[in-house]
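In structure tokens below, several structures.
Note that chain A is present in both complexes that follow, paired respectively with chain B and with chain C.
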Partner chain A sequence: MDNIGVLLQIIFWGLYAGCIYILLATGLNLIFGVMKVVNFAHGEFLMIGAYITFTIFILTGFNPYLILVLSMLALIGIGAVIERLCFRPILGTGKLNEIFLSIGLIYIIQNGAAMIWGDAWQSVKSPYAGITVQIGSLDVPFDYILIMVFTAAILCGLYLFLKKTTIGMQMRASSQNRKGAMLVGIDVERIDIISFGLGCALAAAAGTLWVVSGQVFNPYMGSIPAVKAFAIIILGGLGSIPGAIIGGLLMGLAENGAAYFLGGIWKDAISFVILIIVLVVKPTGLFGEKGE
Partner chain B sequence: MLAAAFVIPVLTDSMFIINLMVLMLIFIIFASAWNLLAFSGQGSLGHAAFFGIGAYGSTLIAAKSSISPLVTIFLGAAVAALIGILIGLTCVRLKEWFLAMVTFGFAIIVQTLTVSVLAPVTGGWDGIASARLISPTIPSYQLIEYYAVLAITIGSIVALWYIMKSKVGLAFLAIRENELEARAAGIDPVRYRLLAFAISAYIAGVAGALQIHHIGYLTPEIYGVENSFWPITYVILGGLGTLAGPVVGTVVLTIIWEGLKATGMTFGRYVIIGVILILAIIFLPKGLVSLPEQVQEWRKRFRKKEPLQEPAVK
Partner chain C sequence: MKKHVLTIAVLIITAVLLAGCTQTQPATQQPSGTGSTSVIKVGVIASLTGPASNVGTNMWQSAQVAADKINAEGGVTLKDGSKVQLKLIVGDDESTATGGQKAATKLITDDKVDILVGGYSSAVTSAYEQTIAEYKIPFIVTGASSPIITHRPDVDTSYIFHHCPTTDTYGEYTTLFIDQVVRPAVNKKLNASADRPFRLALLYQDTAFGKGIQTAVNNTITKNKLNIQLVSQQSFRMGDSDFRTQLTAIKAANPDAVYNGAFPNEGAPIITQARRDIGLNTIFLNAENNDNAQFYKDLGQYGEGAIIESRYSPYTAPAGEVSEAQEGFKQSYFARFGTYPDMMGASTYEGVYIAAKAIGNAGTTDKTAVRQALVDLKMPQVIEAMKDKTISFSPEFRESTFDLWMEQLSYNATIGETRPVIVWPDNLKTTDFVLPPWYVAGSSP
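Up next is the complex of A and B:
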């Protein structure tokens, strides 16, 4: 029971949890940046991603890390449909409406999933379960390292996509100035669909990584990670992807620290305590800009 | 509708229907409380916190002092209002999404406190017994209870009607529509928002206390997301910001909900409620209350199209 070992363990667990939050928060931010919509049902896409991976894994027995790609592709489609049917008609009718619409989506997706897959807790066994790697005095599950590598790879891919491709540049243009983007001939509605789909795909990646790390899941598991991701983007600044990455890591660390020092029951509440303290001091968030 | 509320319990012997109507009335109060806060432009996602605090407040006061629950519901609600002011202080300066997040998180924090630090008093996850509103030793106590709840419901709605019509209500509206202009007109947005929080938390607390004294047992589940989302669903379907909206929404959705339950659906019910909610937001943004006007609007549009096809007939 050396203190440094415990501290290292908290940091490592925090980094791992942070990876899931980063993917969720980056997806939310991508959607917010382009559409100025906050989707409270974002965690439901994480859950769907987890179940799609689970289903393909049961059916084919492929390596779950490979299924990650399929799951992301499926969620691009689902996200695009939901954007077109639900969010497009109410864009610009007020922010409260978006919040209420998300609540409707939460009802539908959670219970729809429960109808398809049942509401029991499920889990997937990673092919690398049980393999650990020695880092210093700490035995680290090999899966956790893979998860961090995958998160980093997805984020690099996203960065390149946004910087180098035409669609990526169009997305950045729409997020900087929607009217300006329209004027230069960008089809912003198409960009909306693509951003929403990509955001959902990132959530699916988070869900798949959640599953392969051996965590259990059920149709109602998405809400709490999603609201935490939302707290993260408030802390890190709405629309700022670097803010989401830093915020996600900090949140993972804070949570695991709190679970160790205050008891596991505080794991969920601590993120909101931090959020409220930050918002009392600075109502626009840590790195948020003034106004809208 | 009011007449039906008075007469139905006398006509029926079924305890099931009376029980259902008591819960429906309680949720009318709760939805109306949420509606007032939304009326002032603040959409809370964590109203279960005030619902639960009212319930715990009233139960604990009743247990420690042996005052009748008929009195303690108002004391418990005062606790909810006090805490409502506290959380309101953090919320009044926040934008919609931030406020939604803080209120949502607040319900989780309160639940965590209830089962950790406050567990010796609240019984933790196991919960505690709560005194019945009307002692079950009195003959036909269910009917008395029903009429007591009905009286409190009518009282709350009249009070809300008075608030919404008064200068305070106008100030809420002004802030919701344009905060800058409201300020220019000499309205202090922070003070009025806090007031809306306090009133809304108080009434939600009354509703929570009523529900728990009706059921007779209280667990931390009361802070769950379900209890935060139901009033929102009722109000959106009925008509946001109107007095009749929460009443209509609660009654209609309760009937649909119980009807679906009778067909043996479990998860499907929630899916249908979600679809109804989304359809209402897209096609009926002012809720069922505006349905008569909307139908006329649709008819007009339909008629406009007709003459194009046969312009000769007139």
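Up next is the complex of A and C:
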């Protein structure tokens, strides 16, 4: 393999990693944009999504890409319940409450998952494992093409939902000015539930795509991706979905580039190096607005 | 509003209780037949929660199987002729250094154990070695594999006995296997001359464990002047699950084989991603901690041709008495827990036997006398093959010496998994090492 070939291959792995980050960070940003709550337990929804896909796959043998839809629907429900029972009562009571509530949720969800599924590492075998596609000089696994297509499709769906549907417009209105939205008669509490559910569903999609790509998972796997998702939304700009997309891609590419050029131990650190540089140069993030 | 406050309060209490259920596993569990006062308290430090809980639970359950067996046979005979039962007390290290520190301190100061067994992950175990030194309590380490456990100069490790091969040992053993078996096979396939340098790549976890393997390989090559060239040395952070970039770099270096210094949850995705996504069709060599059922399950067909250095396997055993002993252990464990034990479980099982034998030889639970008994120990091997069929600890660093072997995996389409066969050394092997038909040797770039 020549140097250009290796570089292209690494860019491809970076784009794949970026897809997972984009979905996770977009969900987190959707929730933050509308509710302005800090949810450190967002990675646990990725983990639950992975386990739901795994469970349905074991029980039915369905194609995991089809199970993705079921997993997203399940997480909409789970997210709605958690928003109603946990986050709504503390909305507006201070960031410290939100932080401690979400840290508590991490322990509850991790231990709950360990009780239900055990804490052994698990994996799911994609029906397309072993199939590769020739793109130029690269021989890439078909699963990764599918992962990128699914990510793009989900983001397009989200874009259309936010732009074309009444609920989507109400979500945007609540995100821009919550009081104003209330004044014009939008039921912001209903919008909160929908936003939280949708954010969790995007995390579930990330979890499903994580497992079909051949990565292993256990109940404790969500914490690191959640921290990275936070770094991405700060990098891209709080509440900005285009920011989350660009930030996610940057993060995926930077991590894989660092692993190649600097060594694997720099993989996690590089994201935060970039984050610090961006914050120093542009404190609101790449696409953030003042006051967020 | 009151309702909401109440709901949150209930949730938080539930969280605390739930966390409590798993974070602080029942501190004491009595095996059958233990008395109230005249018992030998054996503390077992294991990761019952956190990322290593799978291994930790296996270690704790194996210790229980050993204690049950010893107690059923009458217990331990002391100097005064009295027969004393073993009582196990578990300490959960939570797979963290701070958790390990807490567990060790509690077992020593609150539970007042007579001896300690267990300890998994060198990073976690080394975090509480200072406490062991302070209280001078004999500790038989059965899970952590870095040599620093008994070699470190900054802590008095004289009460610590290492019953688990170190990365030095198995790094050297695996490198010698590569030189003596894999290298000639690759040369034969390539019709190359015997002096063609073997192109080895390393992919190792960036911890004491992974770096230990890296150091051992480098030292073995230098010390023995082996004709092995390290063409790529890539590292990754513990717990990573995406290795494609490092594997792409390794493939670009054209290796003849790749040695993984990884845990099973990393080793299986490394091989799967390498063969499935990168097209790196080479021989992968793995450290012994990968020889467990989950590893075989996760690998599926991609494990074909891979090598594991081992001393205890769920699916094979060297012929002879060890085989029967291992089968007996597996059946006793299965009868009690409905699953099969893994390698760290096997050494912990032996750790309890070693503790019982040392206390029996000392005739007392006095810590200094028990330590001396461990220093002088010469007992027959229990379930794992030991050098000279004897368990004893080396004078300088108090390490026991295992008879290791190398096994190669072959795919069984009926079960959809690979199974191992022993291919080295000659006195233990059941068949010869073979290069799979799909194997691609490296060449000079």
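In this section, the second predicted complex is superposed on the first by the 284 of 292 C-alpha atoms of A that agree within 3 Å, B and C clash if a C-alpha of one lies under 4 Å from a C-alpha of the other, contacts with A are read in each partner's own complex, and residues count from 1 in each chain.
Note that in this section a contact is a pair of C-beta atoms (placed from the backbone, for glycine too) under 8 Å apart; a residue touches a chain by one contact, two chains touch by 3 or more.
What you see is a predicted model, and the numbers here were worked out from it, not measured in a lab.
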Clash-or-fit label for the pair chain B, chain C on chain A: clash
First, second, both or neither for A:D139, with chain B first and chain C second: second
Partner chain in contact with A:Q9 - chain B first, chain C second, else both or neither: second
Touching partner for A:L275 - first (chain B), second (chain C), both, neither: first
First, second, both or neither for A:A17, with chain B first and chain C second: second
Partner chain in contact with A:F196 - chain B first, chain C second, else both or neither: neither
Which of chain B and chain C A:Q215 touches, first, second, both or neither: second
Partner chain(s) touched by A:V227 [first = chain B, second = chain C, both, neither]: first
Which superposed partner A:F54 touches (first chain B, second chain C, both, neither): neither
Which superposed partner A:S123 touches (first chain B, second chain C, both, neither): second
Clashing chain B stretch [against chain C; choices 74-82, 164-172 or 272-280]: 272-280
Interface residues of chain A shared between complexes with chain B and chain C: 86, 89-90, 101, 104-105, 107-108, 111-112, 114-115, 119, 263, 265, 268
Residue numbers on chain B that touch chain A, as the complex places them: 38, 43, 45, 90, 93-98, 100-102, 104-106, 108-109, 111-113, 115-116, 225, 229, 232-233, 236, 240, 267-271, 273-275, 277-278, 281-282, 285
Residues of chain A that touch chain B when the two form their complex: 38, 40, 86, 89-90, 93, 95-97, 99-101, 103-108, 110-112, 114-115, 119, 223, 227, 230-231, 234, 263, 265-266, 268-269, 271-273, 275-276, 279-280, 283, 285, 292
Residue numbers on chain A that touch chain C, as the complex places them: 1, 3, 6, 9-10, 13, 16-17, 85-86, 88-90, 101, 104-105, 107-108, 111-112, 114-115, 118-121, 123, 125, 129-130, 132, 139, 141, 144, 214-218, 220-221, 224, 256, 259-260, 263-265, 267-268
Residues of chain C defined as touching chain A within the complex: 1, 4-5, 7-8, 11-12, 14-15, 18-19, 21-23, 49-51, 53-54, 206, 234-237, 239-242, 244-246, 248-249, 251-252, 264-265, 268-269, 272-273, 276-277, 279, 294, 298, 300
